[in-house]
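Chain naming follows the written order as A, B, C and D, and within any one chain the residues start at number 1.
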Amino acid sequence: MTKSIHVQYFAILREQRGLAQEKITTSAATASEFYDELRGRHGFTLPADRLRVAVNDEFAPWGSALSDGDRLVFIPPVAGG
Amino acid sequence: MTKSIHVQYFAILREQRGLAQEKITTSAATASEFYDELRGRHGFTLPADRLRVAVNDEFAPWGSALSDGDRLVFIPPVAGG
Amino acid sequence: MFRISPEPLDPAALQRRLLDPRAGACATFEGWVRNRNDGQAVRALDYEAHATLAEKEGLRILAEAQAKFSILNAVCAHRVGSLVLGDMAVWVGVTAEHRGDAFDACRYIIDEAKARVPIWKKEHYASGATAWINCATRGPASGIPPAKPQ
Amino acid sequence: MFRISPEPLDPAALQRRLLDPRAGACATFEGWVRNRNDGQAVRALDYEAHATLAEKEGLRILAEAQAKFSILNAVCAHRVGSLVLGDMAVWVGVTAEHRGDAFDACRYIIDEAKARVPIWKKEHYASGATAWINCATRGPASGIPPAKPQ
(Lines give C-alpha, C1' and ligand atoms only; values in the text may rest on other atoms or scores of the structure.)
Protein backbone atom coordinates (compact mmCIF):
# COMPACT_ATOMS: atom_id res chain seq x y z
CA MET A 1 0.00 0.00 0.00
CA THR A 2 1.49 3.37 -0.93
CA LYS A 3 1.21 6.51 1.18
CA SER A 4 2.03 10.14 0.71
CA ILE A 5 4.68 11.44 3.13
CA HIS A 6 5.70 15.05 3.69
CA VAL A 7 9.47 15.27 4.31
CA GLN A 8 11.40 18.26 5.64
CA TYR A 9 15.19 18.51 5.28
CA PHE A 10 17.57 20.47 7.49
CA ALA A 11 21.23 21.39 7.42
CA ILE A 12 23.43 18.94 5.51
CA LEU A 13 20.43 16.93 4.28
CA ARG A 14 18.79 20.08 2.88
CA GLU A 15 21.98 20.96 1.03
CA GLN A 16 22.46 17.42 -0.33
CA ARG A 17 18.84 17.23 -1.44
CA GLY A 18 18.85 20.79 -2.82
CA LEU A 19 15.46 21.62 -1.31
CA ALA A 20 13.88 22.09 2.10
CA GLN A 21 10.77 19.93 1.77
CA GLU A 22 8.89 17.68 -0.60
CA LYS A 23 5.95 15.27 -0.76
CA ILE A 24 6.92 11.69 -1.64
CA THR A 25 4.78 8.65 -2.43
CA THR A 26 6.33 5.51 -0.98
CA SER A 27 5.55 1.92 -0.15
CA ALA A 28 8.09 1.87 2.72
CA ALA A 29 6.53 0.38 5.86
CA THR A 30 8.71 2.16 8.46
CA ALA A 31 10.68 5.40 8.89
CA SER A 32 13.84 3.35 8.61
CA GLU A 33 12.91 1.77 5.27
CA PHE A 34 11.84 5.16 4.02
CA TYR A 35 15.20 6.79 4.87
CA ASP A 36 17.08 3.96 3.15
CA GLU A 37 14.96 4.53 0.05
CA LEU A 38 15.66 8.29 0.07
CA ARG A 39 19.34 7.80 0.83
CA GLY A 40 19.67 5.57 -2.23
CA ARG A 41 17.79 8.06 -4.39
CA HIS A 42 19.50 11.29 -3.21
CA GLY A 43 22.96 10.17 -2.11
CA PHE A 44 22.72 11.31 1.50
CA THR A 45 26.12 10.70 3.10
CA LEU A 46 24.87 10.12 6.67
CA PRO A 47 23.81 6.57 7.59
CA ALA A 48 20.58 6.19 9.59
CA ASP A 49 22.47 5.37 12.79
CA ARG A 50 23.86 8.91 12.80
CA LEU A 51 20.36 10.43 12.51
CA ARG A 52 17.19 10.60 14.54
CA VAL A 53 13.73 10.84 13.04
CA ALA A 54 10.69 12.86 14.02
CA VAL A 55 7.18 11.90 12.94
CA ASN A 56 4.50 14.60 13.14
CA ASP A 57 6.71 16.89 15.22
CA GLU A 58 7.73 14.29 17.82
CA PHE A 59 10.91 12.24 18.01
CA ALA A 60 9.99 8.65 17.10
CA PRO A 61 11.65 5.24 16.88
CA TRP A 62 13.14 4.29 13.51
CA GLY A 63 10.78 1.31 13.47
CA SER A 64 7.67 3.54 13.51
CA ALA A 65 5.09 2.47 10.93
CA LEU A 66 4.30 5.15 8.34
CA SER A 67 0.75 6.33 7.74
CA ASP A 68 -0.59 8.26 4.79
CA GLY A 69 -0.13 12.01 5.40
CA ASP A 70 2.66 11.67 7.99
CA ARG A 71 5.18 14.51 8.26
CA LEU A 72 8.76 13.26 8.67
CA VAL A 73 11.95 15.06 9.58
CA PHE A 74 15.35 13.40 9.55
CA ILE A 75 17.55 14.96 12.26
CA PRO A 76 21.27 15.14 11.43
CA PRO A 77 23.75 15.24 14.35
CA VAL A 78 22.97 18.41 16.28
CA ALA A 79 25.47 21.14 17.15
CA GLY A 80 23.85 23.93 19.12
CA GLY A 81 25.71 26.21 21.49
CA MET B 1 59.64 46.93 75.63
CA THR B 2 56.46 48.76 74.71
CA LYS B 3 55.45 49.62 71.16
CA SER B 4 52.73 51.68 69.56
CA ILE B 5 50.33 49.63 67.38
CA HIS B 6 47.66 50.96 65.04
CA VAL B 7 44.56 48.72 65.13
CA GLN B 8 41.65 48.76 62.70
CA TYR B 9 38.34 47.11 63.60
CA PHE B 10 35.76 45.75 61.16
CA ALA B 11 32.25 44.40 61.38
CA ILE B 12 31.36 42.82 64.72
CA LEU B 13 34.69 43.91 66.30
CA ARG B 14 34.07 47.52 65.27
CA GLU B 15 30.62 47.43 66.84
CA GLN B 16 31.86 45.77 70.03
CA ARG B 17 34.72 48.26 70.36
CA GLY B 18 32.56 51.23 69.37
CA LEU B 19 35.18 52.70 67.03
CA ALA B 20 36.91 51.83 63.76
CA GLN B 21 40.55 52.37 64.68
CA GLU B 22 42.83 53.38 67.51
CA LYS B 23 46.49 53.55 68.49
CA ILE B 24 47.44 51.37 71.45
CA THR B 25 50.65 51.11 73.45
CA THR B 26 51.34 47.51 74.40
CA SER B 27 54.04 45.23 75.68
CA ALA B 28 52.55 42.17 73.93
CA ALA B 29 55.24 40.28 72.00
CA THR B 30 53.01 38.69 69.34
CA ALA B 31 49.75 39.37 67.48
CA SER B 32 48.17 36.58 69.49
CA GLU B 33 49.13 38.05 72.87
CA PHE B 34 47.96 41.44 71.68
CA TYR B 35 44.50 40.14 70.72
CA ASP B 36 44.13 38.39 74.08
CA GLU B 37 44.96 41.68 75.79
CA LEU B 38 42.39 43.59 73.72
CA ARG B 39 39.76 40.90 74.14
CA GLY B 40 40.10 41.13 77.91
CA ARG B 41 39.88 44.92 77.80
CA HIS B 42 36.99 45.30 75.30
CA GLY B 43 34.96 42.12 75.77
CA PHE B 44 35.23 40.85 72.20
CA THR B 45 33.09 37.71 71.93
CA LEU B 46 35.12 35.95 69.23
CA PRO B 47 38.07 33.81 70.33
CA ALA B 48 41.31 34.17 68.35
CA ASP B 49 40.82 30.78 66.68
CA ARG B 50 37.78 32.20 64.86
CA LEU B 51 39.79 35.17 63.55
CA ARG B 52 42.71 35.80 61.22
CA VAL B 53 45.13 38.65 61.63
CA ALA B 54 46.76 40.97 59.08
CA VAL B 55 49.95 42.89 59.82
CA ASN B 56 50.76 45.86 57.61
CA ASP B 57 48.11 44.87 55.02
CA GLU B 58 49.16 41.21 54.68
CA PHE B 59 47.68 38.14 56.33
CA ALA B 60 50.17 36.96 58.95
CA PRO B 61 50.58 34.11 61.45
CA TRP B 62 49.21 34.67 64.95
CA GLY B 63 52.73 34.14 66.27
CA SER B 64 54.12 37.14 64.36
CA ALA B 65 56.30 39.37 66.52
CA LEU B 66 55.02 42.94 66.86
CA SER B 67 57.18 45.93 65.98
CA ASP B 68 56.67 49.54 66.93
CA GLY B 69 54.42 51.23 64.35
CA ASP B 70 52.80 48.02 63.02
CA ARG B 71 49.29 48.28 61.63
CA LEU B 72 47.09 45.35 62.72
CA VAL B 73 43.67 44.21 61.56
CA PHE B 74 41.77 41.38 63.19
CA ILE B 75 39.65 39.61 60.58
CA PRO B 76 36.32 38.21 61.83
CA PRO B 77 34.81 35.25 59.94
CA VAL B 78 34.12 36.49 56.41
CA ALA B 79 30.78 36.32 54.61
CA GLY B 80 31.01 37.76 51.13
CA GLY B 81 28.69 36.80 48.29
CA MET C 1 11.19 29.58 28.61
CA PHE C 2 13.13 27.99 25.77
CA ARG C 3 13.20 30.07 22.61
CA ILE C 4 14.73 29.84 19.15
CA SER C 5 15.43 33.41 18.05
CA PRO C 6 16.21 34.77 14.59
CA GLU C 7 16.94 38.13 16.28
CA PRO C 8 20.08 38.91 18.32
CA LEU C 9 19.73 37.73 21.92
CA ASP C 10 19.14 40.35 24.61
CA PRO C 11 20.66 38.99 27.84
CA ALA C 12 19.29 41.81 30.02
CA ALA C 13 15.74 41.15 28.83
CA LEU C 14 16.17 37.38 29.24
CA GLN C 15 17.54 37.81 32.74
CA ARG C 16 14.61 40.00 33.78
CA ARG C 17 12.42 36.88 33.42
CA LEU C 18 14.42 35.31 36.26
CA LEU C 19 13.97 38.03 38.90
CA ASP C 20 12.59 36.54 42.10
CA PRO C 21 12.81 37.84 45.69
CA ARG C 22 13.67 34.30 46.83
CA ALA C 23 16.72 34.09 44.53
CA GLY C 24 20.16 34.41 46.11
CA ALA C 25 22.08 33.11 43.09
CA CYS C 26 21.93 33.57 39.34
CA ALA C 27 24.26 31.54 37.11
CA THR C 28 24.40 32.28 33.41
CA PHE C 29 26.16 30.82 30.40
CA GLU C 30 26.75 32.52 27.07
CA GLY C 31 28.08 30.79 23.98
CA TRP C 32 29.98 33.17 21.68
CA VAL C 33 31.23 32.67 18.11
CA ARG C 34 34.98 32.27 18.51
CA ASN C 35 37.72 32.76 15.96
CA ARG C 36 39.01 29.18 15.82
CA ASN C 37 37.59 25.68 15.96
CA ASP C 38 39.57 22.47 15.70
CA GLY C 39 42.62 24.44 14.58
CA GLN C 40 40.87 26.28 11.72
CA ALA C 41 40.32 30.05 11.55
CA VAL C 42 36.57 30.68 11.64
CA ARG C 43 35.03 33.63 9.81
CA ALA C 44 31.31 33.17 10.46
CA LEU C 45 28.65 30.63 11.42
CA ASP C 46 25.17 29.75 10.24
CA TYR C 47 22.79 28.22 12.75
CA GLU C 48 19.52 26.64 11.78
CA ALA C 49 16.92 24.84 13.88
CA HIS C 50 13.72 22.86 13.64
CA ALA C 51 11.98 25.45 15.78
CA THR C 52 8.97 23.33 16.83
CA LEU C 53 10.99 20.28 17.84
CA ALA C 54 13.76 22.43 19.32
CA GLU C 55 11.37 24.31 21.58
CA LYS C 56 9.68 21.06 22.68
CA GLU C 57 13.01 19.38 23.46
CA GLY C 58 14.31 22.54 25.10
CA LEU C 59 11.29 22.73 27.42
CA ARG C 60 11.81 19.07 28.35
CA ILE C 61 15.41 19.89 29.32
CA LEU C 62 14.30 22.84 31.46
CA ALA C 63 11.70 20.64 33.18
CA GLU C 64 14.40 18.01 33.84
CA ALA C 65 16.60 20.70 35.40
CA GLN C 66 13.70 21.80 37.63
CA ALA C 67 13.23 18.19 38.75
CA LYS C 68 16.92 17.41 39.35
CA PHE C 69 18.02 20.60 41.08
CA SER C 70 16.55 22.95 43.64
CA ILE C 71 16.12 25.98 41.38
CA LEU C 72 13.60 28.78 41.02
CA ASN C 73 13.60 29.54 37.30
CA ALA C 74 15.52 28.75 34.13
CA VAL C 75 15.57 30.33 30.68
CA CYS C 76 17.41 29.39 27.52
CA ALA C 77 17.45 31.14 24.16
CA HIS C 78 19.34 30.07 21.05
CA ARG C 79 20.03 32.25 18.06
CA VAL C 80 19.53 31.10 14.47
CA GLY C 81 20.73 32.76 11.26
CA SER C 82 24.11 34.12 10.17
CA LEU C 83 26.48 35.04 13.00
CA VAL C 84 29.91 36.64 12.97
CA LEU C 85 32.80 36.57 15.45
CA GLY C 86 31.79 37.62 18.94
CA ASP C 87 28.05 37.17 18.36
CA MET C 88 26.09 35.40 21.06
CA ALA C 89 24.76 32.01 19.93
CA VAL C 90 23.11 30.86 23.14
CA TRP C 91 22.15 32.25 26.54
CA VAL C 92 21.21 30.18 29.60
CA GLY C 93 20.24 31.67 32.96
CA VAL C 94 19.19 29.92 36.16
CA THR C 95 18.14 31.32 39.54
CA ALA C 96 18.17 29.42 42.82
CA GLU C 97 18.27 30.13 46.52
CA HIS C 98 21.82 28.80 46.64
CA ARG C 99 24.65 28.88 44.14
CA GLY C 100 25.40 25.15 43.89
CA ASP C 101 22.06 24.35 42.31
CA ALA C 102 22.20 27.39 40.04
CA PHE C 103 25.60 26.34 38.64
CA ASP C 104 24.69 22.66 38.32
CA ALA C 105 21.39 23.34 36.57
CA CYS C 106 22.93 25.91 34.21
CA ARG C 107 25.56 23.41 33.16
CA TYR C 108 23.01 20.62 32.81
CA ILE C 109 20.87 22.76 30.51
CA ILE C 110 23.67 23.79 28.16
CA ASP C 111 25.15 20.27 28.07
CA GLU C 112 21.79 18.69 27.23
CA ALA C 113 20.82 21.43 24.79
CA LYS C 114 24.03 20.91 22.83
CA ALA C 115 23.49 17.14 22.76
CA ARG C 116 19.75 16.93 22.07
CA VAL C 117 18.14 20.07 20.66
CA PRO C 118 17.74 20.03 16.84
CA ILE C 119 20.01 22.95 16.04
CA TRP C 120 22.70 22.74 13.37
CA LYS C 121 25.86 24.75 12.87
CA LYS C 122 27.74 25.40 9.64
CA GLU C 123 31.17 26.91 10.01
CA HIS C 124 32.69 29.18 7.38
CA TYR C 125 36.48 29.11 7.52
CA ALA C 126 38.96 31.79 6.51
CA SER C 127 40.15 29.31 3.86
CA GLY C 128 36.76 29.52 2.14
CA ALA C 129 35.79 25.98 3.15
CA THR C 130 32.61 25.23 5.09
CA ALA C 131 31.51 22.34 7.28
CA TRP C 132 28.36 21.19 9.06
CA ILE C 133 29.67 20.45 12.55
CA ASN C 134 29.34 16.80 13.68
CA CYS C 135 28.09 15.74 10.21
CA ALA C 136 31.34 14.50 8.67
CA THR C 137 31.07 10.90 7.54
CA ARG C 138 34.39 9.34 8.34
CA GLY C 139 33.00 6.04 9.54
CA PRO C 140 32.78 4.68 13.06
CA ALA C 141 36.57 4.44 13.41
CA SER C 142 36.84 8.24 13.41
CA GLY C 143 35.70 8.48 17.00
CA ILE C 144 32.42 10.21 16.19
CA PRO C 145 29.83 8.54 18.37
CA PRO C 146 26.64 7.41 16.62
CA ALA C 147 23.42 9.16 17.53
CA LYS C 148 21.79 7.66 20.62
CA PRO C 149 19.08 5.20 19.61
CA GLN C 150 15.61 6.39 20.61
CA MET D 1 40.26 42.49 37.92
CA PHE D 2 38.95 42.12 41.46
CA ARG D 3 37.16 45.19 42.77
CA ILE D 4 35.37 46.26 45.95
CA SER D 5 32.68 48.72 44.88
CA PRO D 6 30.66 51.15 46.98
CA GLU D 7 28.59 51.85 43.84
CA PRO D 8 25.97 49.47 42.38
CA LEU D 9 27.58 46.84 40.14
CA ASP D 10 27.18 47.22 36.37
CA PRO D 11 27.29 43.70 34.89
CA ALA D 12 27.32 44.91 31.28
CA ALA D 13 30.37 47.09 31.92
CA LEU D 14 32.11 44.31 33.85
CA GLN D 15 31.41 41.81 31.09
CA ARG D 16 32.88 44.11 28.43
CA ARG D 17 36.26 43.57 30.11
CA LEU D 18 36.00 39.90 29.16
CA LEU D 19 35.42 40.28 25.42
CA ASP D 20 37.97 38.24 23.46
CA PRO D 21 37.78 36.85 19.91
CA ARG D 22 39.16 33.53 21.21
CA ALA D 23 36.33 33.12 23.74
CA GLY D 24 33.63 30.57 22.98
CA ALA D 25 32.16 30.48 26.48
CA CYS D 26 31.32 33.02 29.15
CA ALA D 27 30.06 31.82 32.54
CA THR D 28 28.82 34.34 35.06
CA PHE D 29 27.59 34.24 38.63
CA GLU D 30 25.58 36.91 40.40
CA GLY D 31 24.77 36.92 44.11
CA TRP D 32 21.52 38.71 44.92
CA VAL D 33 20.08 39.79 48.27
CA ARG D 34 17.28 37.33 48.92
CA ASN D 35 14.27 37.64 51.18
CA ARG D 36 15.09 34.82 53.60
CA ASN D 37 18.14 33.33 55.26
CA ASP D 38 18.17 30.43 57.70
CA GLY D 39 14.40 30.68 58.03
CA GLN D 40 14.31 34.40 58.90
CA ALA D 41 12.72 37.12 56.74
CA VAL D 42 15.49 39.47 55.56
CA ARG D 43 14.82 43.18 55.03
CA ALA D 44 18.26 44.51 54.05
CA LEU D 45 22.00 43.82 54.27
CA ASP D 46 25.10 45.82 55.04
CA TYR D 47 28.37 44.69 53.50
CA GLU D 48 31.72 46.03 54.56
CA ALA D 49 35.22 45.07 53.44
CA HIS D 50 38.86 45.70 54.15
CA ALA D 51 39.34 46.99 50.62
CA THR D 52 43.14 46.68 50.44
CA LEU D 53 43.30 43.15 51.81
CA ALA D 54 40.16 42.12 49.91
CA GLU D 55 41.58 43.24 46.57
CA LYS D 56 44.89 41.51 47.25
CA GLU D 57 43.21 38.25 48.27
CA GLY D 58 40.75 38.53 45.36
CA LEU D 59 43.59 38.92 42.85
CA ARG D 60 45.28 35.84 44.33
CA ILE D 61 42.08 33.87 43.79
CA LEU D 62 41.83 35.04 40.17
CA ALA D 63 45.48 34.07 39.60
CA GLU D 64 44.80 30.63 41.10
CA ALA D 65 41.83 30.21 38.73
CA GLN D 66 44.06 31.15 35.77
CA ALA D 67 46.59 28.52 36.88
CA LYS D 68 44.10 25.73 37.57
CA PHE D 69 41.80 26.10 34.55
CA SER D 70 42.23 26.86 30.88
CA ILE D 71 40.55 30.25 30.84
CA LEU D 72 41.06 33.52 29.02
CA ASN D 73 39.95 36.14 31.52
CA ALA D 74 38.18 36.48 34.85
CA VAL D 75 36.64 39.42 36.66
CA CYS D 76 35.02 39.70 40.08
CA ALA D 77 33.41 42.70 41.75
CA HIS D 78 31.82 42.83 45.19
CA ARG D 79 29.50 45.56 46.42
CA VAL D 80 29.84 47.18 49.84
CA GLY D 81 27.36 49.43 51.63
CA SER D 82 23.64 49.11 52.36
CA LEU D 83 21.74 46.75 50.04
CA VAL D 84 18.06 45.93 49.79
CA LEU D 85 16.18 42.91 48.43
CA GLY D 86 17.13 42.07 44.87
CA ASP D 87 20.34 44.13 44.87
CA MET D 88 23.43 42.51 43.39
CA ALA D 89 26.10 41.79 45.98
CA VAL D 90 28.69 40.10 43.79
CA TRP D 91 29.40 39.50 40.09
CA VAL D 92 31.86 36.94 38.70
CA GLY D 93 32.51 36.45 34.99
CA VAL D 94 34.91 34.07 33.25
CA THR D 95 35.68 33.53 29.58
CA ALA D 96 37.31 30.45 28.08
CA GLU D 97 37.53 28.70 24.76
CA HIS D 98 35.35 25.90 26.13
CA ARG D 99 32.52 25.90 28.60
CA GLY D 100 33.82 23.34 31.10
CA ASP D 101 36.72 25.55 32.18
CA ALA D 102 34.54 28.67 32.23
CA PHE D 103 32.04 27.01 34.61
CA ASP D 104 34.69 25.42 36.83
CA ALA D 105 36.71 28.61 37.18
CA CYS D 106 33.62 30.73 37.85
CA ARG D 107 32.58 28.39 40.63
CA TYR D 108 36.10 28.24 42.05
CA ILE D 109 36.28 32.03 42.22
CA ILE D 110 32.97 32.54 44.02
CA ASP D 111 33.62 29.64 46.42
CA GLU D 112 37.06 30.93 47.36
CA ALA D 113 35.92 34.56 47.51
CA LYS D 114 33.18 33.66 49.98
CA ALA D 115 35.62 31.67 52.11
CA ARG D 116 38.68 33.94 52.07
CA VAL D 117 38.05 37.54 51.07
CA PRO D 118 37.67 39.95 54.04
CA ILE D 119 34.08 41.01 53.41
CA TRP D 120 31.46 40.96 56.16
CA LYS D 121 27.72 40.84 56.00
CA LYS D 122 25.20 42.10 58.53
CA GLU D 123 21.63 40.97 58.01
CA HIS D 124 18.66 43.09 59.07
CA TYR D 125 15.61 40.94 59.72
CA ALA D 126 11.94 41.85 59.45
CA SER D 127 11.76 41.21 63.21
CA GLY D 128 14.11 44.16 63.81
CA ALA D 129 16.99 41.90 64.88
CA THR D 130 20.38 42.01 63.14
CA ALA D 131 23.27 39.56 62.89
CA TRP D 132 26.81 39.50 61.57
CA ILE D 133 26.81 36.33 59.47
CA ASN D 134 29.24 33.60 60.64
CA CYS D 135 30.15 35.63 63.73
CA ALA D 136 27.86 34.03 66.30
CA THR D 137 29.80 32.57 69.24
CA ARG D 138 28.04 29.38 70.14
CA GLY D 139 31.20 27.41 70.84
CA PRO D 140 32.83 24.68 68.77
CA ALA D 141 29.88 22.29 69.31
CA SER D 142 27.65 24.49 67.12
CA GLY D 143 29.17 23.20 63.93
CA ILE D 144 30.77 26.51 62.98
CA PRO D 145 34.24 25.60 61.74
CA PRO D 146 37.12 27.65 63.15
CA ALA D 147 39.04 29.88 60.76
CA LYS D 148 41.74 27.98 58.90
CA PRO D 149 45.10 28.53 60.61
CA GLN D 150 47.48 30.56 58.45
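Note that contacts are C-beta pairs under 8 Å (C-beta built on N, C-alpha and C of every residue); 3 or more make two chains touch, one makes a residue touch a chain.
Quantities reported herein were computed from a predicted structural model and do not represent experimental measurements.
Chemist: Suppose chain C were not there; which sets of chains would still be joined by touching?
Modeler: A | B, D
Chemist: If you take the mean of the Cα atoms for each chain, which one ends up farthest from chain C?
Modeler: Greatest centre separation from chain C goes to chain B.
Chemist: How far is the middle of chain C from the middle of chain D, if each middle is the mean of its Cα atoms, in Å?
Modeler: Here the centre of chain D sits 26 Å away from the centre of chain C.
Chemist: Please tell me the distance, in whole Å, between the geometric centres of chain A and chain C computed from their C-alpha atoms.
Modeler: Chain centroid spacing, chain A to chain C, equals 25 Å.
Chemist: As a quick test, compute the distance in whole Å between the mean CA positions of chain A and chain D.
Modeler: Averaging C-alpha atoms per chain gives centres 50 Å apart.
Chemist: Where in chain A do residues touch two or more of the other chains?
Modeler: 81
Chemist: Of all the residues in chain C, which ones touch at least 2 other chains?
Modeler: 31, 99, 110
Chemist: Give every touching pair of chains, nothing left out.
Modeler: Touching chain pairs, listed by label, come out as A-C, B-D, C-D.
Chemist: Where on chain C is chain A touching in the complex?
Modeler: Residues 31, 47-50, 52-53, 56-57, 78, 89-90, 110, 113-122, 132-135, 137, 144, 146-147, 149-150 of chain C touch chain A in their complex.
Chemist: Touching residues of chain A toward chain C in the complex: what are they?
Modeler: These residues of chain A touch chain C: 8, 10-12, 15, 45-47, 49-54, 57-62, 73, 75-81.
Chemist: Mind listing the chain C positions that touch chain D in their complex?
Modeler: Residues 12, 19, 21-36, 85-86, 97, 99, 102-103, 106-107, 110 of chain C touch chain D in their complex.
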